[in-house]
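Below: one structure in structure tokens.
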């Protein structure tokens, strides 16, 4: 089972709550002999870190990662790589167990499932968990040096012209509201043949990897929903000698297996659920009460989502490189 | 690993090629004591069966399922349920190993991965495999009698007015072309609390389940990509006393766990890749050659996708019912 | 989860009851391009088949295997390999649901777990299931052509002199009783480096594989329990130049990883539980009643256990060859 | 995959090397609402701790455990429970990468597998890892309050009379040698019906759990190898009204499922491989060189094995309680 773990041969397990003493992860199954140190992982974490601008949460976390195992003299040993980050700027007092359920948050669902929960900053459901995805993704990248992965925000609040985003975010922040975003991730250099048929299709694994990121509500491979509006003759990616393609409607996969074209994934992030504008809700006793978030939050969670999408894509691709090597040599 | 298997506690493993002697599946982990016979499964298979109308493949398969194990005197015993369907109308002579790779098909990718493949009708990559998903889904439904699952085509070729679809399909078929479709699936009656945080989120598992269906290129939960264009205050599903909600932008999940609202999944099917219109391609030797499909195919594969989506959603929900009962009693 | 499945990258899933219409299995994850046909598998099944001598069950099963998928033109394609055997000589009338629980059998435990069971010949708990382990093992052997696996009975009824076994078995059979056996399995040609630390140790996987065979109550690697009676200086396998060893107390593994020495596994089979001699028991209503088996059974189930042990060892080693290749290239 | 993880629904993942900064684990899938704090886990760790007597390693580790996640106000929340122990008395200088491979240790096998390794105190292969098994087992016990688990050493150096053990250990220690041991573990209170058929048999899972403990070479359920020397009529556990049994040759399982009798597991520990007596070996360059261990080690590793066996048995039983609840309600 995989409640808090992800991947098959290269496997990430994460732990930690938003306002507990620390968060961490274990990366199991990493090939031996790869150069790895704290600084490599830190570089990716710094891209995702809160407190680095007005459009991301003002929570001040240094997010300093420490590798505690699995590396000897700067190289991976093949044993599990444990990493932790101390929570420095936790403010559990910002949160109370009796507060109304915040609509769009996991509060109500966690209580329904577990009968209790850690209310401090969303506990385990906080986007803080994604720091460890980024840490795991940094290791995964070492496994696939032939692949370049780049994710970027291509749309905020329905607007694709990035010149307008800053003003839109200022307005939303001032209004105590939030905006959604779309992130596009392209992985180049993936050779044809990674992936697997039927239930471990590269498409299916990428979809699970990205849909499982906090606030994500939609995933597309290649043309995605737009492909459903094309005719078969328009959607066909013609091939030429040398196994080149005229187009990439498919987004780099066919039958769940990579074709050698760039893997293209689009990911929809809903607007941050934590907003100052009050929303009708109930509390744990069932009484009606307005919810209004006072903690520190991103006006657009999708902005910090790009490095997380990159990490998840890296984890899937690295895992499938190993799986392919396992089955096919 | 899960190359040809799906699910955690309730696990479907499928086998079989499009033009081999038979296809089949094993459902492992089914609770004991559930009433099950061939007729129950057959009912669902008949909804998906080819040869039943002008808009689906004219291949004449009776698709008669036989349950070979796991049932005693009409009740499940808790042991694996094996089911098979003989391939009656297989026409392997329609296909040849030397034919050009069909763009949009798994042909090229399979050769790249495995170095060889069964060329007869797509072999393992054929949508014929989805019959066993439907059979597995029929068993899964028995596990979740409290849930009603209904999927329907809501868009064909970009058109949402169903009165126009018939003419559109006639036109595409006559032109040797094909159309895409969007399927919406709603699961009602799911109690709050199914699902799991982080990497086994209900959203992630539904995304993997649906993105892994042949020809699917996009999956949305609730408002999906449209949510990325809403403001946080618009997207919030306000709650009222009695744990009712004013809206269901979230599509029935929060933090990866069901909220008690209907689960809503949208699935985009690309247009059938098998078209009569020639498309530039190459053959296994690398030589350029036009690909044009002469076998029997659906002009819109999404039409037969609806029962498959239902089945996959049923499998995910049944699995998570058992997982929830396992962890939380 | 692995209720009826076994293995990680190379995965065997079996199904079927002793007196149902058929038994079968699916082997998932097999590398492509390996030569495989029915005859190869049949050869191993014939070594295990009942009805071939006075010391094995007189049930007349031809045990003819059919490969239904995953093979094209005599070579594996990398897709799941389904195999089935029809139950020809099933005699369900020999068994009745109201019969007393047979001590040593799964009857009582199945009823306690599932609330119902297929009473015909032990249903799923019958040793008939092991035919599919042998079939799966036949495929596994193709994955590890460098390895030679040979299992043999080294002890029956506590006696290691094989010249005495025939008379012992005659006597036990005439008395309506049964004898236990010990099987030794040696796998030569395994290179150093297969296996994995900690929870996927080769030792642990071999132990699970063999302890899960019907009637097995003990497993040893190398010297096993005898090692617990040696001093450290006696038990040490001294090494010489060329990575050769003076001895093999360890049975070919260290730290869960193969050393290049032969893998040695000892497996203890209890005496067949099905005996004619009456044993006090109870029936499903809880009433006391003597149990006495009238069906056709082996006087020493361990005799037919040797090919099953070979198969399980082959499955573990093939799986770990692929796992090693996956992680370490 | 399960290289460094163990269990299905209740899943332990461990990390850390003997002489790295810390060791740790993550317990995933724990039911919510169980009372848990550091002191509970510490109690079990103290039973296994080194430095507590002349017959266990003189390494001075306080083994103070910290729970870092998954617990809120003294109760489990259902999210992953991370625990760590700092390595206080690590002495990496005791070890050198160029030292000869120690026979019976993982040194040679790790190098053969990974091409490099952490040489400090056995790195990941050190028995220090078992501290985290004990920590995980402490959590598992909370899941199965109805079960009492007790393991004890029943044999040292082939001697069952415990009055003689002290002198034997003194002699072995003085001689720079070591002794093996046998540990018996009995789990009482397990209801009939836990476990699962075929590949997740309780027997198979207990065998894997115990054979995977450092230095273990043999596992028996119930009478184990002795059962292979009994006749069927002797080995039969007769049943009486009220589902009581006259005997427990089976060790509490039938068909892989618990019968309600005590679960009995015997585990053979080889003598500690680390001995002062020199043994011929080779070094990483292949040159012959004598190996003689100078680090601090237990003269009989089996003595500290008992709490580890208890922990592994607790993990298996807790996991199967959840699995049974999942499938059968």
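To keep things simple, chains are lettered A, B, C and D as they appear, and every chain counts its residues starting from 1.
In this text, a residue touches a chain if its C-beta (ideal position, glycine included) is under 8 Å from a C-beta of that chain, and two chains touch if they have at least 3 such contacts.
Predicted model, so just to flag it, every value in this text is computed and none were measured.
> Starting at chain A, find the fewest moves between touching chains needed to arrive at chain C.
Between chain A and chain C, the shortest chain-hopping route counts 1.
> Farthest from chain B in C-alpha centre terms, which chain would that be?
It is D whose centre lies farthest from that of chain B.
> Once you find the CA centre of chain A and the CA centre of chain B, what distance in Å lies between them?
Spacing between the chain centres: roughly 25 Å.
> In angstrom, rounded to a whole number, how far apart do the mean CA points of chain B and chain C lie?
Taking the average C-alpha coordinate of chain B and of chain C, the gap between them is 36 Å.
> Two or more other chains touching the same residue: where does that happen in chain B?
1, 3-5, 8-9, 14, 29, 32, 78-79, 113-115, 124, 197, 323, 328
> In their complex, what parts of chain C are in touch with chain A?
1, 9, 29-32, 78-79, 197, 322-323, 325-329
> Mind pulling up the chain A residues that touch chain B in the complex?
Residues in contact with chain B: 1-6, 8-9, 14, 101, 103-110, 112-115, 124-125, 129, 155, 157-158, 172, 177-182, 191-201, 203-212, 216-225, 227-243, 246, 249-251, 253-260, 266, 268-275, 277, 279-282, 286-288, 302, 323-324, 328.
> Using the touch definition from the top, list the residues of chain A that touch chain D in their complex.
1, 3-5, 8-9, 11, 13-17, 20-24, 26, 28-29, 32-33, 66, 68-70, 72, 75, 77-82, 113-118, 123-124
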